């Protein structure tokens, strides 16, 4: 039998979570379900900051590089002077690079989130575990020997 | 405490008068431009914090508002500067807007108005009227900084216009005010320990955001002038970008006001680090000062001893209320 | 009231809007869809007959279509401001508006994105705007503001859509519980099997923060890029440095007004007064007032500096704008954008819901006219007197403009029935 506690309010939920952590139950053995992210739950469960930021940074840097590389390479491929501007003119290319930085940063973050959260989850779609508005804690540490 | 601040004001005005009487007295202008931005911006930040009901700024507000007596320096310092008003080329062919009498009167009146509203607001702090006075101060601040941009700086380049210059100046004024808030927040963490790190982190986040906002403003002005490439308009940029040392100073401005604060304050850890925030804030302040020099040097002769002397004088005047408040 | 009762109340009240629609809803939806269909038909007519059926000629080559484009992109900005910027500033009142404001953003950008295509004439060649390796060996001109537009608006649409969807995920998961059959499968798939585990919330919080941080510069940059369509020219009245922040402020101004126009009736019809209070509306109207003041500042600075410079072409342009052929529109624009919002300094008026509704509509009328006045007066009277002329929109252009409103409201009405109009999860979180 897996010990399971369900609460209507976040305060007793937080108390029980702290109690389990003080007892020494490792965070990856505690399954938690929340209707919304309770304030401070990451610290209580000792969760490391999400590695999502590496996805974001990677995407943003790619966008920045592409945003300059693409205009520069294409204008060298077909050099056409327009409006008397130099072929490789940095101010206009800054605008393109800015847009691509944000676009690829956002898309990479979204893809990274899906990967890190294991979504879409087929069992989650076929048979979702509904807990209503309750805050649920399950202690999976027993009986793993 | 207020009386001590007004003594500092008196000292600063007398010192400015002495410097202004020198033949190179017009060189007061860059330092005046810097300090008027910082002092007015600091009070404006406090007012804006109240209007947006920002909670992070609460520990810093008394210190920022404590600068309000210093607003009185500027009308008098400007009067001293106006002894050398002939440094402006338009004084030889005055017109309706650019005539010495009207020019001096409107600027002195606006500077007095910001001092009056800033003082009323600081006195009313905490009472029911403070919201309304905060609004009035912010409106006066925006108008004053815009007129300072158009009158003190843009008129050197008459008939060149940039409609964004007014907005650019008041954004820079807020920016350097936030840099001061960052310095104060870092100082608080050093004195009071980790409890104040929230204030520091929020001040650093705002400084980071304003580095982006400043860069956007700068780029908006630069891009339009660069792209149009109209000779009468682009001459403004050409003067400041074609030769040393102005060319390097201009790059330094971009580095100090955007690249350094943006890169230093990007990570979450540095936002809570007093050392990093102090460095970023000082760099921002240096950037604004160098920018004022870049704006003025091509169009007026500058004596750097007078510039430095006035800068140190006004810095000392600011230190008086800051030191008293920050020690509390 | 216990937490549980509140949570269940929020779900019940907000999801009640998604039940079987009443006849009045069908009437509204049909009307909007009909107007949209007429707009599409007129676009088809224009493609068959040619651009001559539109009123744009020499010298005014940009008219109502570009006005509509700028107008709709502007409206989109307020949704992103409320979602992203107010999130970073931790403003609580945001949760009363952010869901339907984000929807407004997505639909407005979609509507805006159609107009460059309509304006193209030969819309089927739209793909020439994107850089792809073609056998003609031609690449797009990255130095042109029109190409910057392509990148900026595409980025804006993508990021807004992603942000909207991510914000919806927890709500889509909870709708699963309240639906049956095929509808339930629809929400099960859309919610990707979201369970609300600690790990998922950890990653989700980070994602939301980063998306908000990335979307915030978009609020400023996208409309700046749109304003540079005009500012990069050498036309008097267009070539001015203030355009970027001025257009951004105007965008947030008209977008906030549209949030009010949509939110006030929605709150009444769906009975959501408990979650969208007068205090929340008052915070929005303060944003409206501040952006109105910035727009007024820009108007004053432009005119003052044109007169100050004594520049012959600048002063001629502004005389034309204020006193020329379009002076009536200019006057209405100043009244709606500058004077009427000043009444919002009065607290009682800020909290008077019917007044806010009327004012918000007038603001959008004023802002549409502002874009029209800026575009048309500058082109009607440029440097060379021989090429001066005027512009009158044709019935095709007016019909397509009306069709764009039909499109926007069709999508918005569909949204109110398929998705929760308020962010249930964030309202629960806000209570804590």
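Here the chain labels run A, B and C in written order, and each chain numbers its own residues starting at 1.
As a working rule, a contact is a pair of C-beta atoms (placed from the backbone, for glycine too) under 8 Å apart; a residue touches a chain by one contact, two chains touch by 3 or more.
Please read all numbers here as calculations on a predicted model, not as lab measurements.
At the centre of the protein atoms shown, by the Cα-centroid criterion, sits C. At the far end from subunit A, in terms of centres built from Cα atoms, lies B. The interface with the largest number of contacting C-beta pairs joins chains A-C. If you average the CA atoms of subunit A and of subunit C, the two centres end up 28 Å from each other.
Averaging Cα coordinates per chain places subunit A and subunit B 40 Å apart. Here the spacing of subunit B and subunit C, counted between their Cα centres, is 35 Å. Touching two or more other chains at once are residues 217, 221, 228 of subunit C.
Residues of subunit A in contact with at least two other chains: 83, 85, 92, 95.
Residue positions of subunit B touching 2 or more other chains: 223, 227. For subunit B in complex with subunit C, the touching residues are 52, 54, 95, 97-98, 139, 142, 146, 150, 158-167, 205, 209, 212-213, 216-217, 220-221, 223-225, 227-228, 230.
Contact residues of subunit A toward subunit B in the complex are 83-85, 91-92, 94-95. Here subunit A touches subunit C in the complex through residues 8-10, 27, 30-39, 41-42, 45, 47, 49-50, 52-53, 56, 60, 70-71, 74-75, 77-78, 80, 82-83, 85, 89, 92-93, 95-96, 98-100, 102-103, 105-107, 109-110, 112-114, 116-117, 119-126, 128-133, going by the rule given at the top.
Residues 219, 222-223, 226-227, 229 of subunit B touch subunit A in their complex. The residues of subunit C lying in touch with subunit A in their complex are 2-4, 7-8, 11, 131, 137-144, 147-148, 151-152, 154-155, 158-159, 162-163, 166, 170, 173-174, 176-177, 188-189, 191-207, 210-211, 214-215, 217-218, 221, 225, 228, 425-426, 428-429, 432.
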